[in-house]
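Both complexes shown next keep chain A, but they swap its partner, so chain B is in the first and chain C is in the second.
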Partner chain A sequence: MTVEEIFAVLEERYGATREKQDKWGVTAVVSASYLHNAVQFLKEESGIKFDMLVDIVGIDYLTYPNHEGPRFAVAYAFKSMKNPGARIRLKVLVSEENLNVPTITDFYANANWYEREVFDQFGIVFKGHPDLRRLLNHVEFVGHPLRKDYPAQKRQWLSTNDYLLPQLEQRLEELGYKVVQRSKEVETNDNEFLEGSIKE
Partner chain B sequence: MGNEAEKPNIITSSLDFLVNWGRSNSLWPFPYGTACCAIEFMSTEVGRYDLSRIGSEYVRFTPRQSDVLLVAGTITYKQAPILKRIYEQMAEPRWVIAMGACASSGGFYDCYCTVPGIDHIIPVDVYIGGCPPRPEAFFDAMFDLQKKVKDESFMKQRAESVKEQLEMIKVKTAEAKCEAKTAIHDKVVDIKDFMKEKEQNFVKKAQFWKE
Partner chain C sequence: MIVLDPNGEKLNLMPLNVGPSHPATHGCLRFLAAMDGETIVASVEEIGYLHRGFEKMVERGTWQQVVPYTDRLNYCSAIMNNIAFCRTVENMFGVEIPERTKVLRVIVNELSRINDHFVCVAAAFQDLGGTTPFMYAFNPREEIMCIWEKLTGARLTNSFARIGGLSRDSYEGFEQDVLAALNSTEKALKDLHACLDRNRIFLDRTVGIGKISAEKAISYGWTGPCLRASGVASDLRKDEPYYDYETYDWEVVVGTQGDCNDRLQVRLAEIEESVKIVRQALKRLAPGPVDIVDPRIRVPAHKLAYQDMEGLIGRFKSVYEGIRVPEGEYYCGSECANGELGFTIVSDGFGHPYRIKVRPPCLTQFAAFHELVEGGLLADSMAVLSGLNIIAGELDR
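And then the complex of A and B:
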């Protein structure tokens, strides 16, 4: 099964359209409702098994010249390890009103952090993600910095360092440990913790 | 007594000289290295340039034992609270060197996540230009810092700190007196009320027995 045939199947079964602007001709635009099935097809059913997720990228078309259609897009880059050189890219258009996209963490484990990053920087919500938190920015950070309408030089002062102890405790508890006692410094008051994130 | 201690005389000035000589020749750095400037600091520290020639013998990785906070590299907003906390943990006297363009001014990172110069968070004594600066530039900064340390007057600072402490003690004693007064006043009022109630009870009882 060649890449061309896979495109034909994608167009036929999942209503994908091929993007003409793509220089290499490997991009297919899929609607969000068909994304999960299309990824399953690419990974498991197609002859060339795309078993590697290279990247997930968020795109904001707000200031893009001559662009029509929804504001955001999420692009998935897949690669085949079995058939080297075979690559395919799926693209999901996301409108500003409905920012939901289904997650693909059940197929690719590394999609977990990629999706967290896209959520962090663009505010796109991945439905069904096991742990959708900010990845790069601080928990107190307000807004999504890679959106084109975020003022690039707007600075936000943060009151505390990033608080990762709950996740550590959770992971230790999964390994069979138990929290017996916390020191006073570790215990945070939620209200205090989130107060005063921005000093104007 | 206060005025005499503030004026420099032969004892205080020679003590100043001695203390400053000791301080300026044993400036132990705390390397807060986050980027390529830290690599340059490593080459300053070891064999070829050898920072221990001027007395910065040990690089201390705890703020409690170091004199100079050496911020080498980009400081992000996420890291700013940590840097501030480390600075607060250092014992006085303490000095800060901002090494390189990023620590001094944010460098070319003009964006949402980089602090535009660490002097927004903590006071800085010496800035070093360069991206990253050469070890010679770092030595120059250390000499500048030594000059600065030698200019300081230990006795004057001590007199000032003693003055501050005295004032604080005065304020605190005044507060404590006020609190004690109000507490005593409240107690007196309580006792008076209590006595009044008792008297009324007695009067009532007396009336009852009369009847």
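And then the complex of A and C:
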């Protein structure tokens, strides 16, 4: 099975269309509702098993010349370990009104951080993500910096780092532990936690 | 915090914050660990302390101005990053770079890889308390650094590649310098192996520590030496060859255990392979042009700008307006020292990049960090961290 044949299956089953902008490889545009199935097909059913998620990229088309269609896009790049050299990309168009995209963290472990990054930089919400927080920017940061309407020179006062204790508890629960008594510090609510930071 | 473990036994855990500013956390990484005595029960990481907004910055300049920014990604092998970026853009143009440039790029690529691996192994040893191997590894590294100095004028964040060529040709005596560096690299490798291979303390600290299975590593998107240490023979230089890597005689190094020791040993063995590649490349290095002749891609040489009107126009336009990369969307990955460094480029056909996304190899490796350290000792987490070779510059961008 070649990548072209896989695209034909995606086209038939999930209504994928060919991204004409990608003149160098194969990029299939699927609707958000089919994304989960399409990824499952790529990873588990297709002849070439695309078992590695290489990257998730957010794109904002706000200032793109003569752009038609939704403002945002999320592009997924996959590659296959069993068939070295086989690559395919999926793309989901996301409108400003509905920023939801289903998560694929149930297929790939690294989708967790990639999706957090796209959420952080573009504000796209991945439905079903276990812990959708900012990844690179500060917890106090306001806005989404890689959107085209975010001014590059804008400065923000940021003074505190991630709290992480709730995440640590979450991780313990994942490992089968049960938290009986929380740390004293964890019971402060978020507002109090951010109170010490410098605000304008 | 008090927790019940999976067997229902009561445990009193202490949350312990490590980093972001800790000598052993290489740059600024932070993790919060729930400790049961000396054992890490659970851990969560936070990154972003070195986030400089690479992807936002590059959108404001021209395509050529991206190149120096890429040096700041993995600063242990800076030239490798800008070669990876230039290759991506050149592929979008669909141009073939001159033969001499290809060979020179292979040489500096592999020298950077040697450099990067030496830093990783040396720092790993240093973190475990061994200072001597650090010095053994840094001697040849220093020689390569001197080559960088002569070649580019800078030691750390040096940029050598340009879109459609190189910033300049190699200097006189380059081959001799490289050969000398290779010889001392081989000597240092012998010394390092003498320190490492049968060192009881080192083996106790690294064998079986931070193990990861091949399946899990793939699921986490690991690439490069860390993935190969888990037994997966995946190397873009063989899988999707570029710059004629397939015509050189070398082997993909593969580990068996996927533990901390394997990750370091794979790196040392890769240095050997890189030395082999560079020796062969030096023989292929024939005189010739290094830049492609096309003012729409590579800025014409100074000489042309003073003598030729076309050259002057080309130089002027290329500096003021920037080159115009064909419209489209493209992903291209290159095998860098830490794994697959990928650039996703969206171009609108004008002089500024519309969107450049970096796929740093470190990110996926650090995302799995908690899986590696949970159940181990706190002291082992430092051995794991240095074996992964997390470079904060490319992790946080």
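FYI, the second predicted complex is superposed on the first by the 164 of 200 C-alpha atoms of A that agree within 3 Å, B and C clash if a C-alpha of one lies under 4 Å from a C-alpha of the other, contacts with A are read in each partner's own complex, and residues count from 1 in each chain.
What we mean here is this: a residue touches a chain if its C-beta (ideal position, glycine included) is under 8 Å from a C-beta of that chain, and two chains touch if they have at least 3 such contacts.
Keep in mind that what you see is a predicted model, and the values were worked out from it rather than measured.
Legend: residue contacts after superposition of the two complexes on their common chain; A:Ala152 is shown touching both chain B and chain C.
Looking at the shared chain after the overlay, A:Val54 reaches chain C, while chain B stays out of its contact range. Of the two partner chains placed around the shared chain by superposition, chain B and chain C are both touched by A:Asp162. Counting residues of chain A touched by each partner, chain B versus chain C, the larger count belongs to C. Comparing which residues of chain A touch chain B with which touch chain C, the overlap comprises 137-138, 145, 150, 152, 161-162. Of all the residues in chain A, the ones that touch chain B in their complex are 137-138, 145, 150, 152-162.
Taken in their complex, chain A has these residues touching chain C: 19, 21-25, 27, 51-55, 57-60, 64-65, 75, 77, 79, 81, 84-85, 87, 89, 108-110, 112-113, 121, 134-138, 145-146, 150, 152, 161-162, 164-165, 167-169, 171-172, 175-183, 186. Chain C contributes residues 1-6, 10-11, 13, 15, 17, 20, 30, 32-34, 41-44, 46-49, 51, 53, 55-57, 59-60, 91-92, 216, 218-221, 232, 234, 238-240, 326-333, 340, 342, 344, 346, 348-350, 354-355, 357, 359, 363-364, 367-368, 370, 374, 396-397 to its touches with chain A in the complex.
Across the complex, chain A is touched by residues 77-82, 85, 110-113, 115-116 of chain B.
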